[in-house]
Amino acid sequence: MVAQNVVFGVLAAAMGLAAIRVVTTKNVVHAALYLVVVLAGVAALYILLAAEFIAVVQVIIYIGAIVLLILFGTMLTRAPIGRASDLDNDQRWLAVVVSLLLLGVLGAVLADAYGSTKLPKGAQVQRTGDVGLSIFQTYVIPFEVVSVLLLAALVGAVVIARRD
Amino acid sequence: MTGLLAAAFEAPYLDYAALAPEMVLTGVLLAVLVVDLFVDEGRKAVVAQLAGVGLLASLLPIVFLAVDGNDRSMFSGAYVVDDFALVLKALFLVSGYVVLLMSADHIEEGDYWKGEYTFLLLSSLLGMVVMCSSRDLLTIFVALELLSIPAYMLAGWRKRDLRSNEAALKYYLLGVLSSAVMLYGMSLVFGATGTTVLEDIARELGDNTSEPLVKLGIFFIVVGFAFKVSAVPFHFWAPDTYEGAPTPVTAFLSVASKAAGFVALLQLVFVGFFGQDNVWQPLFWVLAALTMTVGNLVALRQTNVVRLLAYSSVAQAGYMLVPFAVGGSGDAAARTAQTAAIVYLLIYAAMNLGAFAVVIAVARKTRSGEVSSYGGLFTYAPGLTVLMTVFLFSLAGIPPFGGWFAKLYIFKSAVDAGTGWSVALAVITGVNSVIALFYYASVAREMWMRPVPDEDVTPVRVPPALGAALAITALAVVAIGIYPQAFARLGDLAELAVR
Amino acid sequence: MYLNQFLLLAAFLFCVGVYGVLARKNAVLVLMSIELILNAVNINLVAFGLFRESVAGQVFALFVIAVAAAEVGVGLAVVILIYRNRHSIDLTEVDMMKG
Amino acid sequence: MLENAWVIPALPVLSFVLILFFGKRLPKHGHEIGVAAVALAFVLACVCAVQWVQRPANLEVKPGSEEHAAAPGSPAQANAVAALEEKAPPGSEGGHEGEGKGEKEGEAGEHEAEPIRKPVVKEVTWFDNGQTRVKAGTHVDGLAVTMMFVVTLISLLVHVFSTSYMHGDRRYTHYFAALSLFTAGMLVMVTANNTLQLLVGWELMGLCSFMLIGHWWEERNNSNAALKAFFTTRTGDVGLLIGIAILFFAAGQTFDIADINAAALGGEVSHGLVLAGAAALLCGVIGKSAQFPLHTWLPDAMAGPTPVSALIHAATMVVAGVYLVARLYGVFWSGFDIGGGGINPVALVGGITVLIAAALAFVQTDIKKVLAYSTVSQLGYMVMALGVGAWTAGVFHLVTHAFFKGLLFLGAGSVSHAVHSFDMKKDMGGLREHMPITFKTFVIGSLALAGVPPLAGFWSKDEILLGASSNGYPVFLVIGLLGAALTAAYMTRCVYLTFFGEYRGHGQPHESPPAITVPLVVLAALSVVAGFVNVPGGEWFAKWTENETVLSAGVAHHSFSPFVALFGSALGLLGIAAGYAYYWRNLGPHRLTQRSGAAGTGYRILENKYGLDRLYTDWVVGGIKGPIARGAYWFNQRVIDGVVNGVGIIARGLARFVYDTVDQKVVDGVVNGAGIGAEDGGRVLRLMQTGRVQQYALFLFGAVVVLGGTLVLFTTG
Amino acid sequence: MFDSWALTLVVFLPAVGAALLVAVPRRAENLMKLVALATTLATAAVGVAILARFDYGATDTLQFEVDRPWIDVINSRYHMGVDGISLPLLALSVLITVLCVVYSWDHFPEPHNPKAFLALMLVLETGMNGTFVGQDLILFFVFFELVLLPMYFMIGVWGGPNRQYAAIKFFLFTLFGSALMILAFLALYFKGGNTFDIPLLVERGGTIARDAQILIFGGLFMGFAIKVPMFPFHTWLPDAHTEAPTVGSVILAAVLLKLGTYGFIRIALPILPDAAQAWAPWIGGLAVVGIIYGALGCLAQKDLKRLIAFSSVAHMGFVMLGIATLTDYGINAAVFGMVAHGLITGMLFFIAGSIQERYGTREMSRLGGLLLQAPRLAWLLGFCAMASLGLPGLAGFWGEFPAILSAYQPAPGLSEALFRVYMVVAAVGTVFAAGYLLWMYQRTAFGTAKKEFAEAHVHDVHLPEWLAWAPLLLLILILGIFPSLIFRVTDGAVQSMTSALQAIGG
């Protein structure tokens, strides 16, 4: 268990720092790269949480697709590749206050609810197969709906984004 | 659930009859997508006609299911087809149909992507139809996204118009943020209960939780839908988006999309969190009071009709939130509250769609959304003027137009609850409906009592589809106003089974 | 392992994401911040799934990932549309409609 | 005829309608209808009178007190009254048709009972309201018969007089219509059996006086006078309305006058209530009968045509107040404890009026105003008479006064017809040669007014003085005597200025045509003989008129007192003599007003009419009215016309303030302010809608934090 | 057969007429007028038939009753009926509308458009008639509100220079009141055992707890008092009246104001007897303040119509005073006062409208000498002024004096001393009434015409005016002489109501 905690500590630190860099860096491309660090860290957390399938999906979809998409977006919109000084707007101090307050509220609530609750040890590992079963049994309707959703997003995004 | 996967898989029970409306609708939207590919530019009207027929076709199974009358439940209560679902599905399909009628010429004349437009509209409708039956956090989430994502794009459909772009951007960003907040809340509720099915959640939570985690979870979920129904202070997107989006889309957003939000709220509040009225009742009280007051006050100062209607629909959302703020003091109160909200939704849909239809019709001539461009409308378009007057005063709640009955139900739910808070809210509602009259009447005044600004008094030509939309809505508004019984019964029928 | 260590990390990511959304004026950076928020949710879901020994958590997370993908796609399309018309994706400049 | 007395008021009403709608098209422009209707009414009134006199006196009413031995408030009196009322409780259901009220038989007890004639009552249901059935009808008794006779007679004469006097007037037809209605109003009032009906007639007269005083409304002065008359009497009517309301409940929810009187005398109603009712009614009397301090409208009312003045002063309108007191005497009697002697408000008001008005008559140059103040003074006499318990005397004076005052006014009309002016000092003098008939009749009228025996005025005035002296009102005896002297003196002055000396006017005055002189002669004759209907020994008038109320109140009768008669007539003669000496012989302190400061001040006070008008005009009614007066008179007018007019100024000022400030600014302002507040609220809230999406997001999360934090931290349970 | 359809007919015939009007082509103006006239006449004929078949022996029972399901889900029924209290008002309403159509014959104010004007008038009539016969709170409410829209447009489109402000003010005020009123109705619904039926609620109302009654009455009070209008809610009235076209003013004064007082008598008092007791001193106080205040408002006016409008505040004060006494006398007087005020003030507005039409102004300082230029018109003005100031023998008196009278002895439980003070104040108000009306008359009718109009040829009363006015004038006179024509209709109903009130309240 110690190992797990150490791993978590390292991951958490890395993710925290990277996340902060994502929202503070002056370079858009760097931000995307820091985002990759966070996303990868999340994938690692999933493994810690015994959710291998999700971890894999996280890597494939997030890092493989979404970040790529964002990078394309960056280029298509000709964002400054190098450092830019005006990436933040003038309400960032308010933003800091709001986020800290939010963190305070969330932290307080979580501390109150699960202050010393431990994750069950040796709980039944939910295997990928279970996930699959659940999707196609309990959640088959959302699954079908998501397919329409993706189709609609695709069609719509094409129309919206294409030059005409 | 261990062992060999293949052996463990049992095909889930699917009641295809119950799913018929959704399936028909899916078929139609796919057909639209395909047909659009093979139709020439000049004959895109076919696509819309196909969609229209398809919408009406998907109403058929709803009628059959309603006649059949059995509640059908699947996935251990995660997906339910009951009277509530059927009534609201019908509402969505009909309002979708009306929006389609309103869009027909508008989109065509703007040379927009008609096929895709229709497809997205139908997708969004599908999301709404699914929403009506969703009694499960995950399904609700997915339905919400399905109805929202096409709507984000529809808002930006006038691609070369900066306002339309801006509308889409604002809608999208705030929409995504609020659904993220909602998701976070769902995760908390899931964490507290270990289930996503609303009935089970209700069972797990028991009565009046004191756990801050659950409270926060419920609150975050409500925030997501408060955004959807444009409740203050989550309404900021609404005026800008409504103003920038193509007017039929605005109508769609202000009616169907908002209704979907309310449908979700109804299910969440009265099924999932019914026992937690200590959390949501004060919350909705504040939201309702804020929403109607801010919406009305700001509407007072609008000079653009669409923007005015946008704030008006914010305020109307405030009225619809009233039943939520008073529905927690017992089963009877809950029943009254639900009926009130549903009746209001039904009537609101008719009158607001009607108002937008008139706006579209008038804009065909004046090319303007400013209130001042309505000056002297009575002199050259008396029919439209009378219709607009009917819709506006219906929104204001003046008999004999439908709105009065809707408002009566709201008041009734508040008075029925009978607590000091509920009566206070009723009084606030009353005062607000007076403030609201001021701006509705100001539009009426412009039409009836002011001169024509540019002295161009050529009559307004109303295309048949738009005319049909006007006729449907006007008929509904007047019929409800004079004989509300029929619609009120729908509201009564559509009660959710409270536990 | 404590449940809270995951939840608090998620909360932190959530808040950082919120900050990013509020403070960054480049639209793409805002989209990235949204991803942070969504990931925070996913961490929550998966952790709770383990905690409650329910597979629904993971399933939910999967759906969120799928929807997130769609959202990002749509979001980028909108951003590109804006960029095409305005030659800028500075969100603070997008304020034609107000009041 | 007595049962069908309603015909008598109905005739002039009919005449009014006919004249109004058809008068213009008739050859004589309507006066034929008016004259005919009133003549017929007069004939019927005469028939009534005859029938009444012939009616057997079979109702026995026990007087409440022994003659001459009125021990006020003695237990015997109270018991007797109570005994009477036990038999006839107020509001008995008797009177459906016919003589219901007559069935209240007095108990023939051991006391000497005085038989009187039963009143003839005819009623129909007017309306039902709540538990009350209100009946309309006629209540004909001696008082009513007398009044009908007087009213129709004077009215007939005035009608006849007017045919000539008003000849060629541009609103000749309307004039006659209004005249008819005026007569009708008075007749309705005198025959009324209930206070509501009485009120109808009362107000109808107010309306007609408004129409007739303002007959020449092209002149602002005239319409001002009309308004003033209506407005002032209406002010008094507040009292009447309240009084009727009080009495309605006091008498057990009935408007019936007989019931009210009975209840008031019966002692079942608390004295305070009756007193309140009487006081309220007195306000109405003061307004209508031009008593101090609301007398100021009457002189102004001279703005109307002269025959109208005659009608108003002699037979209608102003005597209505006196009639009201006489009719509801039970209320006054018991409310003010009139039997008790000393001083009471009714007598006081009358007494003050007698003197102040008489004094005012001295300084008038307008002949009609002399007569007007004289009327005020004489009305004071009547009210005083009723106030001192001399009911019969008061009513009798009302009748005799009607004759000679009608005569005097018509005479003044005849004079003005000749000289086209009313100004005695400027346009008259020496007319006795030019207008012999007018002169002779006017002198007869003046002598009657002055109370020279044996003319009518002497008898009635004498009875009043007698009543005052015998009933324990010595102060009012003095006032009456003083008044008698003053009256004689100012009438002497008036006669001198008009008919003696040199003619000071323009043109050639000539005697008036018969339509004018005949009424003068008739009235002159009556002024001579009328007094004899109640001569001591006969006292027929008292027997005819005194009714149940008067008797059961125990109004005392007094035998003729030579001393009082002598003293009274002596003072009258003294007044005449003084006038004669002053004007004919040029004796006495002429130019006193210039020489003596005190006298000058007194004169100015009189000229200023005690400052009342100024009080009314400036302080109460203000700018509504402002007759153009000259010099000091202008000043005076301003002073006395004041309360009425002054009330107006204040009311209008207040009104303007209320309207401009309170209504338009405060009340409306609150409402509009709420509107503006809402708009401003909207403006502020709009500022939040900055158009920046991230600001919206900030608000969104801000709200999440605030609401969420509140929800989590501050709600429990 | 007729009896069960009579009320439906009297209410909805005008609406049908309005629908027909809409179908009339734009150019056929005469046809429009004919349709409108025929409709109102037919309605009036039904009204007359109702008057004829009404059982005057049983005025306290609902007659011509219709009771059918309407909105079952809220137990609201299509329940109509007339009793002695509503009958005179219904008759007044059908009469006034006919006369208004007649008067409008060639008086259509700018911007003309007779079709819309007449249609609105007919819709208005539906609302008014419906309010007077509705015996279900929701039905009552719908009709009560139905009158708002036509009146709003009538003032706003055909009114004077400041019409838009006046129209919206009228609308907002009344709507504000009715928002609270409907809340009170709902409270009654729940407290009274889930019914909106007025007779049923009257039976059950007394059982509601006193505190609840007082609160509910507050809601009703706001709704009705604004409509009356009572001080201090009256400020919409002068504006609305001043700006409204003549016919609008007439209907407003003659019928619409009565909806509020009628509401008090029909709903507020009998259903909430305890609250009525508690509120009565306040209502009475506001009423007498209104009497004096309205009179002062009149005295300050320069504008003829505005003066008449303010006089309504004063007159309705008398009506409310009568109601506040909770006695037979007072309430009978109130109903009489409503009818009388309708006739008299309606008439005054007609005349004011005709004067404005002839002179183009309502400024009293510019008028004068009307008696010379149009003597008949001036006579009528004088007649109505006299009626308005409560001259006995004309209709106005019977609303005014009995109200004063009744204040002397209010219902048991109310402070006699207080109401006697009210009585005195109200009586003083009659002097003020004389003051402002005579003053008005002096300035308009007496004297000679001002220079600007000295040469003007002023048409005296012409035929449509005679036709429209004659019934009103006759009624003013006839009711003044025979008050029992109304009292006998109202008395039974009022008595049964007050006895119930006292049984509970005493």
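Chains here go by letter, A, B, C, D and E, matching the order in which they are written, and residues are numbered from 1 within each.
Throughout what follows, contacts are C-beta pairs under 8 Å (C-beta built on N, C-alpha and C of every residue); 3 or more make two chains touch, one makes a residue touch a chain.
This one's a predicted model, so the numbers in the text were calculated from it and none came from an experiment.
Under the contact definition stated at the top, the chains bordering both chain C and chain D are A, B.
Listing every chain that touches chain D and chain E alike gives B. Across the assembly, the chain pair joined by the most C-beta contact pairs is A-C. Ranking every chain by how far its Cα centroid lies from the centroid of chain D, the top place goes to A. Here the chain at the heart of the shown protein, by mean C-alpha position, is E. For the pair chain B and chain C, the distance between mean C-alpha positions equals 26 Å. Remark: chain B and chain E have CA centroids separated by 42 Å (rounded to whole angstrom). The mean-CA centres of chain A and chain E are about 70 angstrom from one another, to the nearest whole unit.
Averaged C-alpha coordinates put the centre of chain B at 77 Å from the centre of chain D.
In chain A, 89, 91, 94-95, 98-99, 102, 105-106, 108-110, 114, 124, 130, 133, 138-139, 142, 146, 149, 153, 156-157, 160 are the positions where the chain touches two or more neighbouring chains simultaneously. Each of the following residues of chain C touches two or more other chains: 7, 14, 17-18, 21-23, 25, 27, 30, 47, 49, 51, 53, 55-56, 59, 63, 67, 70-71, 74, 77-79, 81, 91-92, 94-99.
Annotation for chain D: residues touching 2 or more other chains are 675, 686, 689, 691, 693-695, 697-698, 701-702, 704, 708, 712.
With chains as nodes and touching pairs as edges, the resulting graph is of another kind, matching none of line, ring, star or complete.
Chain pairs recorded as touching, per the definition above, are A-B, A-C, A-D, B-C, B-D, B-E, C-D, D-E.
Chain B makes touch with chain D in their complex at residues 169-170, 173-174, 177-178, 181, 208, 210, 212, 215-216, 219-220, 223, 227, 233-234, 236-237, 239-240, 278-279, 282-283, 286, 294, 296-301, 435, 438. By the touch criterion stated above, chain D contacts chain B in their complex at residues 675, 678-679, 681-683, 685-686, 688-689, 691, 693, 695-697, 699-704, 707-708, 711-713, 715-717. Contact residues of chain D toward chain E in the complex are 125-132, 196, 199-200, 202-204, 206-207, 210, 214, 217-218, 220, 223-224, 227, 230-231, 234-235, 237-238, 241-242, 244-246, 248-249, 624, 648, 651-652, 654-656, 658-660, 663, 667-668, 671, 675. Note for the complex: chain B touches chain A at residues 1-2, 5, 8-10, 12, 14, 19, 26, 29, 33, 74-76, 78-79, 113, 116, 119-120, 123-124, 126-127, 130, 138-139, 141-143, 145-146, 149-150, 152-154, 156, 159, 168, 192, 211-213, 216.
Listing the residues of chain A that touch chain B in their complex gives 105-106, 108-110, 112-114, 124, 129-130, 132-133, 136-142, 145-146, 148-149, 151-153, 155-157, 159-160, 164.
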